[in-house]
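Below are structures written as C-alpha cells.
Two complexes, one shared chain (subunit A), two partners (subunit B, subunit C).
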Partner chain A sequence: MLPTTIFWPLQEDVRAPGVCYGWASPTKVCVAGRFAEDVDLETARTRIRALRLDQHIQPAVLDLPDLDTCIIVQYQRYPSKSLRFYDIDNDSLAYSAGLDRSLISQLNLAHQIHSLVNGETVKLHKPTAAVLLRLAATVLRPALTLVYSLRLSFLTQLLPRSAVGKQLQTRANQVGSLLRGIDGLSTTSLTTGIPEYAQKYTAFFNELWLILNDITLGVAFGTFLRDNAQYLASTHLLDDLEAALTWLDSWPAGLKLNTELSRFYSRAFISLVHYWGGFLTRHVFDHTALLITFCGYASIIGGLSLLIALFIDILAFIVTPHITLCYRVACGVYSLEKAALGGLWALFRGKRYNALRNRMDTWDYDIDQLLFGTMLFTLLTFLSPTTMVYYFLFALARLVSLLIHASLEVCLAFMNHFPLFMLMLKVKDPSRIPDNICLLPSPDAAGNVLLLMVCGLPMFYAADWCTSAL
Partner chain B sequence: MQRVQPLRDTHPQFSTFKTPSYHEFKLENWKLAGDGSGKVIRPHPELYLALGIPVLAWLYQRLAGGLQYVGLAVGLWLLGQSVFLNVSHESLVVYPPHGVQVETHRGFRNCIFSSSRTFIPFTVLQDIVVNEGLYGWNVRYYIVALTRPRNSDTVLKVVFPNLLPHFPILKIVYNEIQMYLPQNKTESAQ
Partner chain C sequence: MESATLTEEWKRVLWKSQPYPDNYVPPEVFLASLQRNAHFRPYTYWPLVFLACTITQHVSVILVFLGTFVRLNEHLLDPRTLIWACIASFLVCYAMWILLDRGKRHPNVQKSGDSNSKNHLKTLKSSIMVFLTLVSLSPVLRTLTAATSSDSIWALSAVLFLLNTLLADYTATNNAQHGEIHSRLTSVLSMNAAISASVVLASRLSTDISVFALILFAVLSFVLYPIMKPRLQGLSTGLWLFITAALCGFAVYLLAPLSTTVTAICAVVLFSITFVAPMLLVWAQKYKNNIRGPWDVAVPKVR
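What follows is the complex of A and B.
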C-alpha cells in the first residue's frame, strides 16, 4: 500500500498548526495554503465555501493524515504575477495515483486560491506590463484597427508570387493577432489559468517587440536609402553576362566548341539579353533614383521586412528575368538533347524503350534505321559539349540568383517570426517557459521529504512557437 | 536505509539506496580492472588538463598568425569538454507513486558541476525494457523507458546513456523496477 503524497508549498511551515485547504484525493493531497492559527474549522469551511468556484477547481478544507507516514513533496507556490508555472508532458495513460496534469494545474492555481481566501486581489501581470497593456489598449488600438481595416486582401490574388503581397498579408495577420491579444490579456477572471495566460502574454509581447524592431530598423535603412539614392549595379549583370557569352563563343579555356552552333547560341542569347537590357534602359534606369526613394519610404512605413520583400520582388521581376528566361531555354534544349541521346544510345545497343512496361526491351531494328540512328547519334554526341557549356553557364547564374533570393527570404522569416521574447526569457527567467519538472530528495529534512523543481527548456520548444506563429 | 552494493565482487560501482519516498539505482563512472586483481580504474580528467596545457602552449608558439587562435580555441574546447563534461555518476530514481527520473551528473566526485534530470511520470511511461543494440561488431544491452507523450508515437529515453553498463547490472535494475511500474501492479491486483 503506497503512502499518501502531500504536496506542500515551501512558503508554509510543515509542522505549524492551523487548518489547511486544498484538493484531496485518495492517494495524493495538494495543499494550497493554511489559515492562521486562530481560525477554527467552521469559519474555515464557511470561507472556503464562499469562494464558489467551478467544481473542478473548488478547494476544500483538508483533513491531513499523520505527516510521518506520508511522503511530503515541497513545491514553490509561485506568485501569480510572476507568471512562473509548472508543466509536464501531456499524459495519455489512465493512471492517476500520482503526479499528473490535473495535479500540476492545482499547483499552478495554489497562489490564486491563497490570494482569494485571504481577500487579496489576484494580479496576473507585473506593474510595467500592466502599464504597457493599458497604453496599448488606449493609444495603439485605434491605430492598429485602422491598419487592419486597410488590409488589401486582393493583393495576394493579384500578385500571387509577389513577396510584397505576402509580407503585407503577414503584417495584417500580426496586427490582427495583436488586437485579439490586447483584448485577451486585459480581460482576466479570478481563476484564469496561468500557463495559458503566460503563453498568450509571451506571444503578444514577442510580436509587439518584433514589429517595433522592424519599424526601427526600417526607419534607419529607409532614411539612408532616401538620402543616397544610388542603386545596385544592374548594368553589371547585363555586361558580365554578355562578356561571358562572348568568351564561351571563342574557345573558352581551350575547349574547342562547334563553331556554327556556338555562334548561333551566343548570338541568340546575347540578343535576348540585349532585348531585356533595352527594355530596362528605356523604362527603368531613368527612374532608378525614384525607385530607391520609394523603397526608402516603404521601409519607413512598413519596416525592414517590407524593404526586404521589395528587394526580393525587384530581384525577381527587374534584375533577373533575362537570366531566368535564358536558363529555361538552355534547359529545354539540354533536356531534349539528353533524351535524344538516351534513345539513340539504346538504338545503338539494339534496345528499345517499352512505355507500356516501363522497361528496355531488345528490338530488331531495320538496317536503315540503324544507319540513320548511328549518324544522328554521332552528330548529337559531338554537338553536346556546346549545349552543355551554355546550359552550365545559365544554370550557374540561376543558382546564384536563387541563393540570393533564398537568403533574403530567410532574413524575412527571421524578421517576422523570430522567438526573441523566448530567448530573452531563457536567459532572464527560465521558470516562465518550463518544459518538465524534476524531483529531488530534500537536502535538509528527513527521508520522506522531496523537492519539486522546474527543469529547463530544450531549444526545440522555441521552434514550436516559431511554427505556430507561421 | 543504507547504500547497498548488490554486485560487490564484480561491479561495485553500482549501488542502490531505498527510502520510503524513493528508490535510487546509482552507477558511478569507474570500474574494476578486468584481470580480477581488484584494481580500480577511474577516468582522470585532471591528467588531461595537466598534459594538455603544455601541449597547447607549444602549439601556440608553433602555429602562425590566425591559426594560433583557432588552435587555441579548439584545444581549450576539447580540454574543457573532458574536464567539465566528464560524467561523475548516473542514476535512475523511482518515486513510487509518481514516476521515474533519469539523472546525469557531471563533474568530479566531490564537486558536481551540473546535473540534468528528466522526470517521466507514470502517466506517460508505458514500460521499461532491456533492449539490445548493435554497437560496431558487438551487441550491447541497454535499459530504455518507453514513453508516450500526447498520444503520439512512442519516444524512447535511454537510461544510463553515457555509461551504458553491462548486463548483470541491467538485470538487477530491471527486476527491481518491475514492482513499481503501475501496469504490473494492476495485473497483480487482478
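What follows is the complex of A and C.
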C-alpha cells in the first residue's frame, strides 16, 4: 500500500495537538488549518458544516493517519489579499509526484477557508487598489460608458484599411474590457478563486496603466508638434525619387541600359511623380502646418498611439502612393518579361512546356513561329537589364516605405499591448505570476526528518531559481 | 615428371582436376574468334568530297552573309538592291520548290497533291507575314544594342555563328520529304543561333531599311536555304557541284576588296574543308581498329 501524502500549511506546526480540517482523498490529504486545542470534535464538525459552501470545495474534519507513516509536503498558505497563488504547467514533472489541478486549487483556497472558519473577513485586494477601484467605479465608469457607447464603428467601416480606424477600434475594445474589469473586480464572492481574480486584476491595471502612459506621452508629443508646426512644415520629400530616375537615365554605373526604353521609362515615371507632386503642392503642402497642428491635437486627445496611427495613414495615403503605383507598374512589366523570356528560351531550344505532364517536351514549331520567337527572344534579352534596373529601383523604394510602415506598426502594437504590469510584478512580487510548481527537500527543525516543500516557480524563471530561492 | 603432366591434354571442363593454372587458355584457341573492322567499307576520296560540299556551302553562306553585312555597314551596298535581290531569289526558290514537288508527285496519289498545294499557299502567307513583321520591327532592332560596345557584339555573333555551324544538320538524303522532317527535329537550335546572330549584327547598322534588308537576307540564307539544300542535292550532281563552286567563288569575291588577309584565310578554310579534310579522313582510315568478338553484347538482327 502506498503511503498517504499529507499537504500541510507552513504556518501550522505539524506536531501540535488539535482537530484539523481540509480535503481528503484515498491517497492525498490536504490540510487547510487546525482548530484551537480546546475545540472538541463535535463542535468542529458543526462549525465546518455551518460554512455551507459548494459541493466541490466544502472542507471536512480530517481523521489523520499516523504521521510517521506518511509523506509530509509543506506548502505556503498564501494570504488571500496578497494575490499570490500556485499554478501548474500542463507538462510539469510534478504530476508524477501526485500534484494535480484539483489539489492546486485546494492549496489556493486554503487561506480563504481558514479565514472563514475563524470568522475573519476575506479581502481579495490591498487598500490602495481598493481605493483606486472605488474611484474607477464612481468617476471613470460613466465617462468610459459614454466613450464606449460612441464607439464610432462607422469610422472603421468608412476607412477599412486605415490605421486610424483600427486604432479607434482597438481603443474602444480596450475601454470595453476596462468596463468589464471594473465590474468583475468589484463584485466578488467569498470563495472567488484567487488565480482568476489575480488574472483579471493584472489585466485591468495593465490596460489602465498603458492608456495613462499613452495619454501622457501623447500630450507631450502633441504639444511639441503644435508648437513647432511651422518649422516642420518646411521640409520636402519628393525630390529624391526624381533625382534617382534622372540618374538612371544617364547610363549610370556602367549599366548597359537601352537608351530609348530607359528614356521612355524615366519620362513616364517622372511625369507620374510630377503629377502627384503637383497635386500635393496644390492641395496639401499649403496646409501642412494645419495638418501638423491637427496631428498635435489628435495626439493630445487620443494619445501617442493615435498619433502613430495618423502618421501611418499619412505615409500610406499621402506621401507614398506614387511609389506604390510606380512599383506596381514596374513589377508588372518585369514579371511579364520574365515569363516571356522563359517561354521564348524554351522555343529557342525547340522545346515546349507540356502542362499535362509538367515537363519540357521537344516540339515541332513552324518556321515562322521560330523566326518570330527567336527575334523576340533576342529583343527581350537585350531589353531586360533596363526593365530589371527600374524594377529594382522601385522595389527598393517600396521596401524602404514598407520597413518604415512596419516599424511604426510595431511601435503601435507596443503602445497598445505591452505587458508593463506583468514586468513590474516580476520585479516586485514574482509569486503573483506563477507558471509552474516544483518539490524541494526541506529538513525540519530537528534536522532528521526529511520533509518536502511545494515551491512556486514564477514566469520566465531561470533554471537555478528554486535552489537560489531556498 | 613435368613432361608427363604436360602431355595430359587440357579440356574445357570444370569437374576434372587438371595440371594447368586456372587462367590457362590454349594458344590455338586464344583470340581465335577476334574480328577486326568487321563490316568496314572504306571511304573513297571523291564521294567524300561530294559529301563535304554541303559543309563548304554552309560556311560560304555565312561568309557571304558577313561580307554583305560589312558592305551594308560601310554604306558600300544600297540596301534597296539587297531587298530586291532577296525578293527575286525568294520567288525563284518558291517557283522551283513548286516545280520540284509537282515533278515528284505520283499520279495515283491525289490527296497528297492537294495537301502540297495547301502547304505552298500557307508558306506564301507566312512569308508575307514575316516580311511585314520585319518591316515593323526594324526600328526597334536598330536601336537595340546602342549602349553595348561593338567588341562584345562581334564576340557574341561569332559565338552564335560557331554554334550554328557546329549544330547544323549536314545529313545528305535523297528523300526530300523524309529529310525535311529530320532537319526540323535536329537543327532548330542551329537556325535560332544564326537568326539571333544576324539580329545582333543588324542592330549595329545605321538606317532602318538596311536593318530590314540584312534580316531579310538572313532569313533567306539561314532558314530557307537549309530547307532547299537537300532537295538540290538530290536533284543532280552537276548542279550541286556548280552551286558549291559558285557560292565559294561569291564568298571570296565579296571578301576580296575588304581585306586580303581575311580573304586568304577564308579561301584556305574553304579549300581545306572541301579537299584536305576528306583526304585526312581517308588517310586516317588505316588506323581504324574496331575489335569485335563473341564477348560483345549481342546485336539483334532486324529483317
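One rule holds in what follows: the second predicted complex is superposed on the first by the 423 of 470 C-alpha atoms of A that agree within 3 Å, B and C clash if a C-alpha of one lies under 4 Å from a C-alpha of the other, contacts with A are read in each partner's own complex, and residues count from 1 in each chain.
Here is the rule we go by: a contact is a pair of C-beta atoms (placed from the backbone, for glycine too) under 8 Å apart; a residue touches a chain by one contact, two chains touch by 3 or more.
These numbers were taken from a predicted model, which means no experiment stands behind them.
S.K.: Which partner does A:71 reach: the first (subunit B), the second (subunit C), both, or neither?
M.R.: So A:71 only meets subunit B here.
S.K.: A:438 contacts which: subunit B (first), subunit C (second), both, neither?
M.R.: Only subunit B is touched by A:438; subunit C is not.
S.K.: Just checking: does A:354 make contact with subunit B only, subunit C only, both, or neither of them? Give me first, second, both or neither.
M.R.: Neither partner.
S.K.: In the superposed arrangement, which partner chain does A:370 touch: subunit B (first), subunit C (second), both, or neither?
M.R.: second
S.K.: Give one of first, second, both or neither to describe whether A:362 is in contact with subunit B, with subunit C, with both, or with none.
M.R.: Touch status of A:362: second partner only.
S.K.: If you stack the two complexes on chain A, which partner ends up touching A:378: first (subunit B), second (subunit C), both, or neither?
M.R.: Only subunit C is touched by A:378; subunit B is not.
S.K.: Looking at the overlay, does A:259 come into contact with subunit B only (first), subunit C only (second), both, or neither?
M.R.: Only subunit C; A:259 stays clear of subunit B.
S.K.: Per the contact definition, I'd like the list of subunit C residues that touch subunit A in the complex.
M.R.: Residues 126-127, 129-130, 133, 137, 140-141, 143-148, 184-185, 188-189, 191-192, 195-196, 199-200, 203, 215, 219, 223, 227 of subunit C touch subunit A in their complex.
S.K.: Tell me, which parts of subunit A touch subunit C in their complex?
M.R.: Touching subunit C from subunit A are residues 251, 256-260, 347-350, 362, 364-368, 370-375, 377-379, 382-383.
S.K.: Subunit B touches which residues of subunit A in the complex?
M.R.: Against subunit B, subunit A makes touches at 2-3, 5, 27-28, 71, 88-93, 95-101, 436-441, 447-450, 455.
S.K.: Quick one: in the complex, what on subunit B touches subunit A?
M.R.: Subunit B residues touching subunit A: 1, 19-22, 93, 95-99, 101, 117-119, 121-126, 147-151, 182.
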